[in-house]
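Please find the structures below.
Common to both upcoming complexes is chain A, partnered first by chain B, then by chain C.
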Partner chain A sequence: MSALAAVTSKKKAARFVGYAFVLPAVLFTAIFDYFPMLDGIWHSFYRWNGNNIEIFVGLGNFKEILSDSVFWTSVRNMLFFLVCNIVLMLPTLVASIVLFRIKHSRWQYAYRVLMCIPMFIPGIVIMLLWQFLYNPQYGFLNQLLASWGLENLQQLWLGDPAMVKWCLVFIGFPWIGSIALLIYLAGLQNLDSSIWDAAAIDGASPLQRALSIEIPLLKGQFKLNLISVLAGAVTGYNLQLVVTNGGPGFSTTVPGLYMYQHAFGSVNADYGYASAVGLLLFLIALLISLLSMKFIRSEE
Partner chain B sequence: MLAASLSLTVMLAGCSSNKTEEKSPSASSTQPTASSASASPTASGSIPSDKEFKIKLMSWHGGEEQYGPAYNNAFEAYMKLHPNVKIEHLYQPNANNGYTKLLDTQFVSHEAPDAMMLPNQDAAKYANQDYLLTLDGYLQLPSAYNSDQATWLDTFKGGENSFSSAKSGNKYGAIIMIPVDGGPGSSPLIPFYYNKDIFDKAGITEVPETWAELLEACQKIKDLGIDPVAADGNRFLQWMDAFSGYQLEPGHVANLFDEKYRIKEMKVDLRRVAIATGMYKADDPVEAASLDLMKEFSQYWQQGWAAINEDQAKQIFLLGKAAIYMDGNWDYSYFEKNIKGFTFDVMPFPVITKETTPFASEMLPVAGDQQSGGWGLNKDLEKDEEKLKVVLDIFQFLTSKENQQTMSDEGVFVPVVNNVDVTSKIQAFIATDKNKIASNQLNEVPLFNESTDGKAILQLWLTGQADKAATMNKLHEQAVNNVKKKIVEALDNEVGVPSQIKTLEAQLEELNSTNAPENVKKATEDSLAVAKLKLEFYQQFADAAK
Partner chain C sequence: MMKNTAEFGKHLFLIVLGLLLLYPLILMLQMSVKNTEQIVYDFFGLSGPFHLENYARAWEEVSPMIWNSVVMAGGSAMISVFVSGLAGYGFGKLKFVGKEPLYWLIFAKMMLPGVLNLIPSFVLAWKLNLLNSYFAVILFAVGGAQPFWVFVMRTFVQGQPKELFESAKVDGAGEFRTFLFLAVPLLRPVLTLSALNVFINVWNDYIWPLVTIQSFDKRPITTGLAYLATTHVGEYGPLMAGYVIASVPLVILFSLGMRQFVQGLTGGAVKL
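After this line comes the complex of A and B, so read on.
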């Protein structure tokens, strides 16, 4: 009896120690992740300047957002970037397949390192570099065209409302995401090698192998990356903030930037309004993610 | 608890004031004690010479920046004069409030430098926490380095009056900082740096003084195939709209209301109510005129300006690819160091004349007459009288006519003391007799200022993607939305003017009961009167917010 009690108390102590180890992580997650999120939801029903002004406005913020033409312009811009980002997932997929097929392990390693190096360059540096390249007066692109005697092809780049969105999309060139690449590679490396032997016996061409074996078998990894691309495109605004600040006019304003500008970008700072935009973005991203999940399930 | 501690400190200040009045009749609060009064400098070299002193002074000006070298050279000059004094200039950047965060902790642990550069509001904060010396008494004594003035205080531009804002901000009603750079009288309008070589090439012999002359000069430059102006879609746009609008039809908004409301403290309130009530309309002719001015000027800005920021615009000017760039005095040394291959100068923002628009007042806004900041002295210095003497002597040296001449020239700032010759470098940054529009009469382009996306909306108008009516309607739509919220806030009992009145009344009651200095009481009474006037004003137009 006493031996059983000793075992029980030992188990309890072990459980307590386990909880104690997890407690800091739970606490910090609650304080730094969940509290701001719930606080944001709460404040989306208030006019709030982050300090002394906190006036309940009910659904007022949401009504105002939905009736603001700038918000809808930003949604249209977001959809453009969303579609581009989805299409531009392809180069990473192709790069991972090509990389996987490199038989020489040293070369494969070298290319893998090469493609992962951009991961260690801060995104802001890349954005500022491109901003410099695009400058119409002293930027690299127009200077290059001038040196080739092609002045008539010089552009305003970011200054041209018709071209600016495409310029932003091009900033990701060659659109190979390091993390996504590693995920795809890991997926391919985990496949049973007999599949490749069977394909070789069947005489499958490289393209057939990609279309019939590699891409279908990477569907799981693709969907994972897709969700991250969707969430990033719906809520992200770093690129637009740094490179164009949403301009010229509202040409590159996206909902995330719209939210940021309402919180920090003007004398009429209203964190409540910005929180309401944030909540809407969260709902949109959630909806798209749920649809994707449903799509994943139905396929599997 | 807080109120009790405030009462106690104010009471102590009152006691302190009473005691020191015997020694210095003009003093308003903590003054030099008998011993420190004996420290009163009468000539340079009055500081102890038989002892080594190490003085720590902190500012946010790095050694490579414009004001930093000016200060460092002045400190070197002082140390040459007093070899037994070693000045250490500590640099702490302002970014992310790092400067005040550091001071907060240093003061608590009594590790703060002997003197530190502070804007008015921070100086008031630290004075209210009893970390700074009150300086009235020291300033009422003669300066060792300005023998031609009766007192040190008299040497400052605007004398004691120029300290009235700074004094009313702290509980002692005392002077708690010594200004050294950027005195009253700076022009409120940012001038233009220009490429003299391009001007010469374009045959522009006279610097444009009016808006029409500026456009004429720009056309000549454009005819050479050079971009006249390096513009950006952010700061430049904001400045241009403001500075052109300021000059049009003074009193345009203020005159819509009863005379008693036309005070500078209420100019924002007036414009908000004017917009909310429809007295200031979406097609306001004066704001429309300022948009027209911008549109005409924008044909001289480099292509693609809307998508670049001020740093990129600065590069365009620096590379000689545009002739004009708008910037403040803080970048003068940067240009001096970095411009290669051409000479530059600065021209004041031009006056808009009736030749350009019938709304032109042909005047510029008046300059401020208050000291906006300076150096606070650590209260712990009271424990070391000799060191205090040295620190005071350093600041008397820094504010001497001769040193201000050198420093303001090198740092390119407006001197803080009288009788300093202003060099050509600073001239364009100083207000002149054209600066006549009183600040309560200033037309501050209300729709643009109250909108949320003013700059983006103007970009669309100036790049031909929207017409003027659509531009003004969009500005108006956003402005109406915003001002209505502001009016609701102003009338809110918890966060608006009514609560401000309650706070001020409580403060005044406490000040009266603790025999606080008269100027502090007067400042609180004035604020209370303004708050009451505001409430009365907003109550009349409460329906406008609905």
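After this line comes the complex of A and C, so read on.
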């Protein structure tokens, strides 16, 4: 009996070993990802301060949000940044194609490292640096205009509601996304080299070649980058929070920042209301991520 | 001849682009060795004397923040790699009841956006008494990293030849020993990539420490630098020196792990 019992008990033990391996990850995901998510959905139907106020209001928060003109301003601002960010995917695409066409492999490597340098610099440093470059008194732009004798063109930049959105968009200049660039390059490297020889024999111009070969073949990579741009523009608000805090007025407030400010930006914080904004953003981002899944599937 | 001009054009394009990309950083470097007067009256010039004391002044303020960031980012990276590595091995190789549902629970979170989590996570950290502690950042960073990295680790473990693990079993090695001495060395590239990625995410995170770490002596560089920028208006030289100092650790980290980072990234993207 003993040998058989030993084997079965060992097998039993082995069955539990599996749980020991996966339990930490399951617990971390359950406690620090799922619990807050469900808690947020739940409390978006409440007035809530995280402590002693917890009053069920049904759809009240959502009604209030949808009738708040500031919210709609933030949505319009978000759409502005969204469109800009999509258009500004182009420089990275062009740069990756040009970079790929450099024949000399050592030069190609050198340029690739050069384009990746901004990745080393913490985002906050770039934002704070630009905040200073826009400084109306001492900053780069007005100094530059002064040095060209164009004082009359000097601006308040971040202080000017008509200009501030463009200033935020310009912070990315020249809009090379290091990670997107690497993704495009990986895609180009995958292509069959015979395509290039055929095109060279055809005598197609560089632009024709880009339009007929490279760009169609990068469709998958483009979609991948597009999804991250979409998700970033819909839910992100780091830049606005750091550089302008949504101002002046509400001219750079985006929905994510609107959510943040309703929770942490004022004395009468309402976590329930903010969670309801979060839930709306969550649903839009979820829709994007589901659509993207479908896109990627169809690509395969 | 025609060919040479075309080649030259490409190089010119990329060099100009690179200069534009680096120009703000060059401005940052040159301002970091000037005093306020030199910055205001000679913005573009760089004529001495150089004020290297800006760096000493910045170091005083920035070094504790760097330490905080290193502890939080390093702690998150180490714990996360360990937890996701274990789970990847468990889901990829071991057999137990309920394996698939548990895996799907973690995997599904990858599709669910995190934007809603900020406020309830803050309340949770508050209720767990984690506010103003490194653990507020570390625990939530590890949690957030799990879905993606468990998925990646599982894929890698499944990709290893089965016989390899079987032979260890014949030797009588327990599962944990097999994991530690066989799986970990095999998974080293992807473990490194995962550690780098978690480290960088925590290092760059601004919003979460902004709401959870209020006490100044625990602040990481992100919220710390933003705070210094609002409290030291006018001291542009030392501020710029502080920005430079805060960028150095990532440069070091990247130069150590750049190859793995780029390869892992492109390798993942190729599969799409």
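Just so it is clear, the second predicted complex is superposed on the first by the 262 of 300 C-alpha atoms of A that agree within 3 Å, B and C clash if a C-alpha of one lies under 4 Å from a C-alpha of the other, contacts with A are read in each partner's own complex, and residues count from 1 in each chain.
As a working rule, contacts are C-beta pairs under 8 Å (C-beta built on N, C-alpha and C of every residue); 3 or more make two chains touch, one makes a residue touch a chain.
All values reported here derive from a predicted model rather than from experimental measurement.
Of the two partner chains placed around the shared chain by superposition, chain C is the only one that A:264 touches, whereas chain B remains out of contact.
Judged by the touch definition given at the top, the superposed model places A:31 against chain C, while chain B stays out of reach. Counting the residues of chain A touched by each of chain B and chain C gives the higher count for C.
Of the two partner chains, both chain B and chain C are touched by A:138. On chain A, the surface patch touched by chain B in one complex and by chain C in the other comprises residues 131, 138. Only residues 47, 52-55, 64, 70, 131, 135-138, 156-161, 164, 244-250, 253, 261-262, 266-268, 270 of chain A touch chain B when the two sit together in their complex. Put simply, chain B touches chain A in their complex at residues 227, 233-234, 302-309, 312, 315-316, 319, 321-322, 449-450, 452-454, 456-457, 459-460, 463, 465-466, 481-482, 485, 488-489, 492, 495.
Chain A meets chain C in the complex at residues 14-22, 24-26, 28-37, 39-41, 43, 50, 95, 98-99, 101-103, 107, 111, 114-126, 128-133, 138, 140, 143, 147, 173-174, 176, 179, 182-183, 185-187, 189-190, 206, 220-221, 224, 231, 235, 237-238, 241-242, 256, 259-260, 263-264, 271, 274-275, 278-279, 281-282, 285-286, 289-290, 293, 296, 299-300. Within the complex formed with chain A, the chain C residues making contact are 6-7, 10-11, 13-14, 17-18, 20-22, 24-25, 27-28, 39-40, 43-44, 82-84, 86-87, 89-91, 94-97, 99, 102-103, 105-106, 109, 111-124, 126, 139-140, 142-144, 146-147, 150, 175-176, 179, 203-204, 206-207, 211, 221-222, 225-226, 229, 236, 239-240, 243, 246-247, 250-251, 254, 262, 265-267, 269-270, 272.
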